[in-house]
């Protein structure tokens, strides 16, 4: 950690800081420059993170040297993590495709969608039983009934299930049905929820908050790993910017960036990341070309009847086309669908 | 609701939309322009919000006419809401000042701060017992012990208490101690939490998410009111932008804007909104001049020893100066401290 | 154009608006809904764009139906534009790769870079002779001397030249040397400059401003086309967001989006769009997979000696690797390098 | 400057950096920590700004210690600058109010507005003769004719004139008429224009770009001062964020922040900063309470006939009310109108 002093910092200010630093078992190195004096602190930086050094008299700014996360970092593990979802491996050579409706609405429709996406090459079924909705007057999900429908489609197709957990109290119920617990963008910093899914035996799909930096996403994943669950996947799903022609701005820079910073698999959601079904296929190809380990895509057999997110859902035929166009791109970057 | 059709929309597309609209009990008015045909829909727009009209064939875009919130709108209530916090009225002529440390750390310190802020004119004590922290390795709050300290200071000073609720499971406990339940920025769209505090008898302070629009803040407040709790205050605490010289960008435009859109009181947090104690006093004056009904300010007797947010905390003497400089501004806009 | 009235708009307000609309030769259709009255305006919407309808008494909001651009729209032209840069065609099957240093620094280095990128498959040489720099104390470019070096490398390699125009007064000089006039991100809304390059016979590469929407980029291109120059290419080079681990957020959504909205070719700049050379190759692949027609990439033989942007420059060997990895991706999406 | 090395940096990498640093006449101090080695560089940091240190082998990141601007910094001058605009002093105790239409449209209207704002207490007339417009089809300003109208109103009222310079070629003409040269937000990084107004004898009003940081605004002002013109004022006029209920987000944090960083006067534009005339009066009060030295406000006698920005213009009566409500706020913060 580097402490930069104000031009008018006094000797007393400097001594005061050095004394505090030493008390914490760290070493302080003072370096006097032409216009500024700086103090370098050597030792376990974490001890200092908890101290508001900027509040000390004479301090202009404080610059951390080390990263605040440990367990999620690539350095910690060296090799890439492959998450095993009951036989479906995510993070290896094979691209994982999760597909299905935004919300689970009825068994018949879900079965139709499930069979179609399975046929086109998806291995995991997505679908929300508990839905976070901006308006209290919007459809809030079918709850346990929705989970049962997901299970029926799983039994019929062999698809694994990913579904969102919004409420800590629902975790035991959802664990009975789901193969992957999804933490949605709005809950990326719901730390108590992160701790609880960190205690679960089920793999976790953690979506990036719409205004979260990549570092904050990694810090949230750190909560999951620190509680014992290393089967964690990260999902880029678009961030909020000033651009209003798309629903969000899909930040594909984050894909190769996270792969360098962390050992965890990266999934991309081109449906939320664009908000327009016409852009989903192009951005799926871009995501895989950028190095993503998987995709999560909204598919609905009749988007105009969907209870949510119809405008960004592909019909099964378009999903099939998407998968066909994706295969050669996956191959071009040394992966397979 | 206005449905704008693509230039290549067919008669079949148009008939299909009209049929659907009529089935929902609404009236459709078709208007053919030079370059585009549009369909105006008359009736209860809410019925349509749940239909993904943009997914219909031939549709280019859909433009809602009405606001998606009802109970929080100024039109709904006409006059401004005054929230009564056990005798302290917020939203009337008198400006409410909430002050205290970011986290509750120990009784002695808290008592010192409480007495000081009371003396300078604060009427409500702030302090976190449960803390949302980016890192799993940071101080997470004292929990119930912290709540007890808050109560002791309340008894000694007469200050009311505002403290954050992070977890639904903690609500009954916090209700025993707090006078206002704070929902933090990270939980602004934790809809289950919003429902639960909507069922509480305690007033709610709802902080704006760092990337939430004013409309989304109002929609989240709609959850609280729709569950029966009309004693809800909104808090502007800075949004995330590209500017990196301050911790957040305090959006004071939101103050007069919300006052026009809604009847609920607006509180401003200049401590988080700037992240720098040197800017807090200026921005407090600006907030009141813009029309805010109250402030929530971080005060710590020894910021350099604070467990969190030291850099943005005022020492009690600076808080006193802030209050003294604020009084004439409040008077200049027809309010009082 | 749709004019939504306030709930309290009077008959007088409505009549006033209708009178004004009719005077402009347009037709007004009034539609009374349950909670709002709206007025649909039929006719040439452009006439109305110049009238501040929101300033009329009784008006709540105004919603345009039509797009404000004409010449750049896909509807205007139907097919995609292929820009012919003295024999190098951009916008067709072949991907155009522009490569070279950020700034032209000396002839020897530039020649080295030019020969290397040519060998790896680039067809256009990039290099700044006039440099927009944040600081008045930074290197501002070699000016005409730099242009001469570019020309020498062109003669030796056959590469075409793209270089930035910052000042209207320099256009005649730059036209003598360059094959493509680049308008930089900072000048995307320097409308007088846009008019002047619109009057030039040379093709234009228009870079998106760091906070410009896609619509604004198209409006700026409209200035170029409206002044007679249809040989215009658009460049996505990253937008400014809150994410600070990369220099900008490369908005690849913009690629398929612009291809749907406009007939103009789209170039992607992964060097500025990431700010980190380690991410450039991955994002080049993603850009082509998303549908881009070309790339503009910074290459420097000795980034640590570069006068600007060294951290995002590839060395020639890395550029060669990038091109080799790119070829199969281009093929996978039906293009060729 | 601090250079942080990668964990895998070799001794060769370190020696290479040290050699380069020493060659530049600087001193390098190596400090080996538990997880990282860092190199502190002592001496004139500016020499290093031009070297892309991040491109050196073994370097993880580079952190500058000093600010990149000099002449605009408060440290450079100590006291606050008061700009004398032909007798009207800006930056002292008296708040400067600039008011007038967005565009100069006709003499009669301008005279009406000029007389009205003068009567209400404005001392400077604003009005655009050259207008930057997003669309090539919008009104582009009256040019010299507009300047003549401004002069006529100046002669009749005694108001000074501020008007925008868009094109370097127009400077000599505008200097004949205007008392203050305004550089608009879109041109904040048009560095050649900055150099030219820096050579002018007229005071400059430099508006912040919609996506410029405060530091970048100061760097742009540095261009003006470095070319000899110290009569420079900075203008906060709203930044672009995700919030879409207002046209821009007025960043009032920037006011006290700039006053701490720089000696230059700060003007606030609540008209562009909100885009809604209903918010202008509240935000004017907030700006002055935050410490601004002046305001620039759009006033039009008939906003519904304005050629631009009608929705954010005050009618003269509302401007009068604004000024009356502003006076006690100015007094409350020790200023006067």
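Think of it as A, B, C and D in the order they're written, each chain with its own count starting at 1.
One rule holds for everything that comes next: a residue touches a chain if its C-beta (ideal position, glycine included) is under 8 Å from a C-beta of that chain, and two chains touch if they have at least 3 such contacts.
Bear in mind that the values here come from a model prediction, so they are computed numbers and not experimental data.
Engineer: Please state whether the interface between subunit B and subunit C is built from the same residues or different ones, using more than half shared residue numbers as the mark of same.
Structural biologist: The interface of subunit B with subunit C is built from mostly shared positions.
Engineer: Compared with subunit D, which chain's mean CA position is the farthest off?
Structural biologist: Result for max centroid distance from subunit D is chain A.
Engineer: Taking each chain's centre as its mean C-alpha position, how far apart are subunit A and subunit B in Å?
Structural biologist: Averaging C-alpha atoms per chain gives centres 26 Å apart.
Engineer: So the centre of each chain is just the mean of its C-alpha atoms; given that, what is the distance between subunit B and subunit C in Å?
Structural biologist: Centre separation, subunit B to subunit C: 38 Å.
Engineer: How many angstrom lie between the CA centroids of subunit A and subunit C, rounded to a whole number?
Structural biologist: 31
Engineer: Could you say which residues in subunit D touch two or more other chains, in rising order?
Structural biologist: 211, 240-242, 244
Engineer: For the complex, give me every residue of subunit C touching subunit B.
Structural biologist: It is residues 2, 4, 7, 29, 31-36, 38, 40, 42-44, 63, 65-66, 75, 240-242, 244 of subunit C that touch subunit B.
Engineer: In their complex, what parts of subunit B are in touch with subunit D?
Structural biologist: Interface residues on subunit B, with respect to subunit D: 211, 213-215, 239, 241-246, 249-257, 260, 273-274, 276, 278-279, 282-283, 285-291, 325, 328-329, 331-333.
Engineer: Could you pull out which subunit B residues touch subunit A in their complex?
Structural biologist: Residues of subunit B touching subunit A: 20, 46, 49-57, 68-69, 132-139, 166-169, 186-187, 189-192, 195, 209-211, 216, 219-220, 222-223, 226-227, 240, 277, 303-311, 313.
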